[in-house]
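Below are structures written as structure tokens.
Paired with chain B in one complex and with chain C in the other, chain A is shared by the two complexes that follow.
Right after this comes the complex of A and B.
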């Protein structure tokens, strides 16, 4: 039950959604797009989200596609994490998103909702950062396509009235060797202490991390340190840790020292699986 | 107050209800339709006590607004009649206070339908969506495995 009153609309096309957003905005209704609506409900009930116009985009057909097109895998942003798992077209994405929340909740949480949510973790972003995916957004200026590493900085940098409709990934990344590990404080479901996803392509290992900072990230400096051909794996890991962005989370889930300790071990696991910084 | 008069198909019956946009499906089925089998627990998507089916898949009804339910096939525990999973829960004493039981049964029933060949890791993955404060979970797991086996041999 949400404590505030709002208009609920379910447009059938993205053009209609954008128009509805603009109209509601002009009337001062602080509109927001929603898709799975799970964060809307859970944060809304504790007054951390407010709108007078919720525009539900999950019925828009372009947001539901799973298709291969000109060397790209195109995934609709309104697909639920369960739909992505069942299709299993991008194994690294499946393996990472399969660890989000729990099986039943994943039947409602959407890819777009996870990427654009307010919570820190947004673990489904990690594989997309590693695979240089293209983000397809729609808004008042029409359709926009941008590489994720240009438009995702701590969060997806959407303009007012824009929403994510699709994500396109070059198929050469789909079957590259990868590893995805989630460490929680306890239990096997829910939010991570730290999640790491890594992928090896063109003899280099890429890593993206969630739960260390208040945003998911991929760092070129960390990757350069890990892929350096000189030094032991431990030395490379120490050098990589020196390039971590700040701040490091320090909360009841884990102190910043503990998080760094867990990360070091995770990077060793990545080394075991993908052997970064070695001549082949 | 933004009200919507909507049609919900619940347990094979068409129901007309007037809801606020922000009413959860859990609230609507319990307070307006008198279907009190789905239980309110955390109201935050964590416990699974409110699990129902939407188009045959398990769904936490506290994570869904009633307005999102239009055009969907919704099933609550009241819509299951003497199914193998219900029989197995009774046979294996898979409950104590019973508060979590409708949620577990709805999840288990969907598992039987969607993944009749579920292996141990799939069973665990699905069952982790629900929390029980009384049993040791082993009775619940036994009941689910028994129903899966019975399903295979029938």
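Right after this comes the complex of A and C.
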């Protein structure tokens, strides 16, 4: 049960959602967009999320699409992870997102919610970072489309009143060779110690990582080190490790030293699967 | 036998699977107030001031209670204020209660209570607590009221000390040509029962104190509240509905006290204290931690000659049940082996952790981890098969326990047979290590355990049987249905005894302490053991009464009568019979004359010949019988990543007799699952202020379906002559050997000696790097 009262609205269009948000904001209600609401409910009950106006965007039709359009796959941000998994139009995304939370929660958690939530793992964003997806956002200034690598830095840089409605991905990435591995503190349940997603395109490997730092990231420097044609795979991995961002997480899931040990092995697995830094 | 051994479906099963079953929090009275508890934000801090001014202004607030003027509580030693006064001793300790009309009003007011703390140095581990210069958790330890067999050491953090002195250590070491030793440790963890604890209390105008609580010990609630607060025990009525998992955590009495105090503060109105998950994990008592040192001496052939053991139990901030846990660990300290020379010091240590409740197995899975890991070190040093080493030293009739109880054919099971069956079950002939490829290896680890139940030597259990007009029977026992199916098994025992249909036996599922005969506590795998005996006595009582009246009706001597199929009949000619329904409420002759009357059966049981332990040597009889068991765990270990999967887990338990096959298998497998979960992943993590960092199921993650191994269970059948149909306790035993067998498997697989729990890949990595 949530310890605070709030107004609940479920607008039928994104224009209406934005208007409601602005109205609530002007009344000082600290409005918040929600969709699957898993984080709203679970963090709300322990006072880590608060709002007096929850605007539920999951009824907006644009947020539910799965369609191919002019060489792009367009996915609605309000699709649940289970719906994405069942449709399986973007196998790397399926492979990564089906490791998030648990079966029951994935029936509620949405693509947009996972990417824009407070819990910083945001693993569903990893495939999008690798595939240079376009993020479609709506807000007071209307519809905005931005390449993810310009608008996602640690988190999606939304303006006040904006929310993510769709994600568009060039279809040539959909069937590129990939690997996605989630390593946890123990066994198959829990947050990532590290989740790594990798994709090979144009003879180069791309990697994106969650759980290593308190944000998901894709690093050009790391990729350059891995794709370097010189040196052994181990040397490439060592060079890549030298350019990881900071800080490295050190928490109940695992120490930072151990995370580096895990990452090193995961990069070896990526090498086994995709063979980076080799002349064709 | 007709009913014993059959997988009779639990009588509460239908309600549970359809969601109709009612637990404590499901009972709603129309005007129930909510008591919200303010928890300590620090592990150890002085309370400088508590200001409730703003909180009292919140609408709906009826009372705010703080700790002054309240008596000390605690089961064996009264060291615990119900609400912290002067200082807080653990993160999550209850400091104040707001009683309000709704939980939200209560929470709002609770957040407005201003408490000033001055942080004190934290005692993080029992080893630290044991050091001379350690900060003290209790400054006035010598002044606490306590039971006479509790031995605190004032001026230290030692709440209790149990000594075992058996044989002659000098002689033992002299006969030993090989010695091994090891230090082990793990932090407290949680029970993680599905139903969090809750209690509601109400004091009616006539002074009756009514408590509904999710508890394993409703009769203890009544006794303790009467004693702590000088209430009339007959005026206290405790109701316990179905309990949604307990595992020992609901044997402690805590929320009932808070609910009682809350109701008292608002003129007796009903107040509920309901634990949210975080509060259940931090405030309510936890699963005990342990630091242990084990030294074993043996001769060249592997015969154990001496064992020296030190247990520093992490009792947490208050001694409560940790005193009994300390004693239970001492009495079975060697594991199930013949050891003539034993020296054990078992200390109940105060730390700044949540205080300890019992945990399924009552100290035994914990001590087994330390002892059985050391036994594997011994096997390695002797270059001996670890199962052979255990078999060679296995405890047997004619041997004595650490507290010098002479074992016989009845009071101990057959460990050698358990080991022998385990060999087959886990295909030990294949050897412990099988290489899959360059990285993966499949490895088996083994262990053994024993356990007696060190419950109070005068603990009672009673049963009442009444009839319905159709001749069916109502069975009333004070055993709480905590999910173990005990009440169904009691119905089976009665059905067997009376040779009648088990569906004609109606079991009272809930307990109320006013009308249900007392069963001491539903703990220690003693439900069937004690209530079963009480039930047989009640059944005999019923049979005697039925025969007495039937002998008049049938004009036959009592000696010639038999009872079966809800009839009493003559042995030689069963056609001469009378139905239960015609005599259970008296027999009426055709002319209206009546004889006899309502038949009420009664039975009780009390354990015999148990004794207190000698304070200097530990000599004494701590419990009725020892269930023994052997275990194996097989893992698939990745030598590069140091990760592993659980492949198989096996338990062979000397159960005496199987009363309900599916229920027994369920108990054993459930316990194994819990043991692997504890061993593999469950622990509390703390920061430098002693704060629990993972008091949520997001970050505290019991094992999930799919992570489990294949469970293999087999039984050995050595009857306990004291028990109903020979059945030994089996509720806990599947758990006891899991941490040690897993630890042994992984130590072999990773080629490194693992001495801590949980056995995570990171622990293995750190141990290999020498960083533990």
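Rule of thumb we're sticking to: the second predicted complex is superposed on the first by the 280 of 280 C-alpha atoms of A that agree within 3 Å, B and C clash if a C-alpha of one lies under 4 Å from a C-alpha of the other, contacts with A are read in each partner's own complex, and residues count from 1 in each chain.
Just so we're on the same page, a residue touches a chain if its C-beta (ideal position, glycine included) is under 8 Å from a C-beta of that chain, and two chains touch if they have at least 3 such contacts.
Predicted, not measured: the structure shown is a model, and the values here were computed from it.
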{"item": "Which of chain B and chain C A:189 touches, first, second, both or neither", "value": "both"}
{"item": "Partner chain in contact with A:3 - chain B first, chain C second, else both or neither", "value": "both"}
{"item": "Partner chain in contact with A:38 - chain B first, chain C second, else both or neither", "value": "first"}
{"item": "Chain B versus chain C as contact partner of A:252, first or second or both or neither", "value": "second"}
{"item": "Chain B versus chain C as contact partner of A:261, first or second or both or neither", "value": "second"}
{"item": "Residues of chain A that lie at the interface with chain B and also at the interface with chain C", "value": "1, 3-4, 42, 45, 102, 188-190"}
{"item": "Contact footprint of chain A on chain C as seen in their complex", "value": "103-104, 107-108, 276, 278, 640-641, 643, 645, 680-681, 685, 693-694, 696, 698-699, 701, 703-704, 706-707, 758, 760-762, 765-766"}
{"item": "Touching residues on chain A, where the partner in the complex is chain C", "value": "1, 3-4, 42, 45-46, 102, 183, 185-191, 251-255, 258, 261-262, 265"}
{"item": "In the complex with chain A, residue positions of chain B that touch it", "value": "1-2, 4, 20-24, 27, 43-46, 48, 51, 54, 57-60, 62-65, 67-68, 107, 124-126, 128-130"}
{"item": "Chain A residues touching chain B - in the complex, by the definition given at the top", "value": "1-8, 36-38, 41-42, 44-45, 54, 56, 82, 98, 101-105, 107-108, 188-190"}
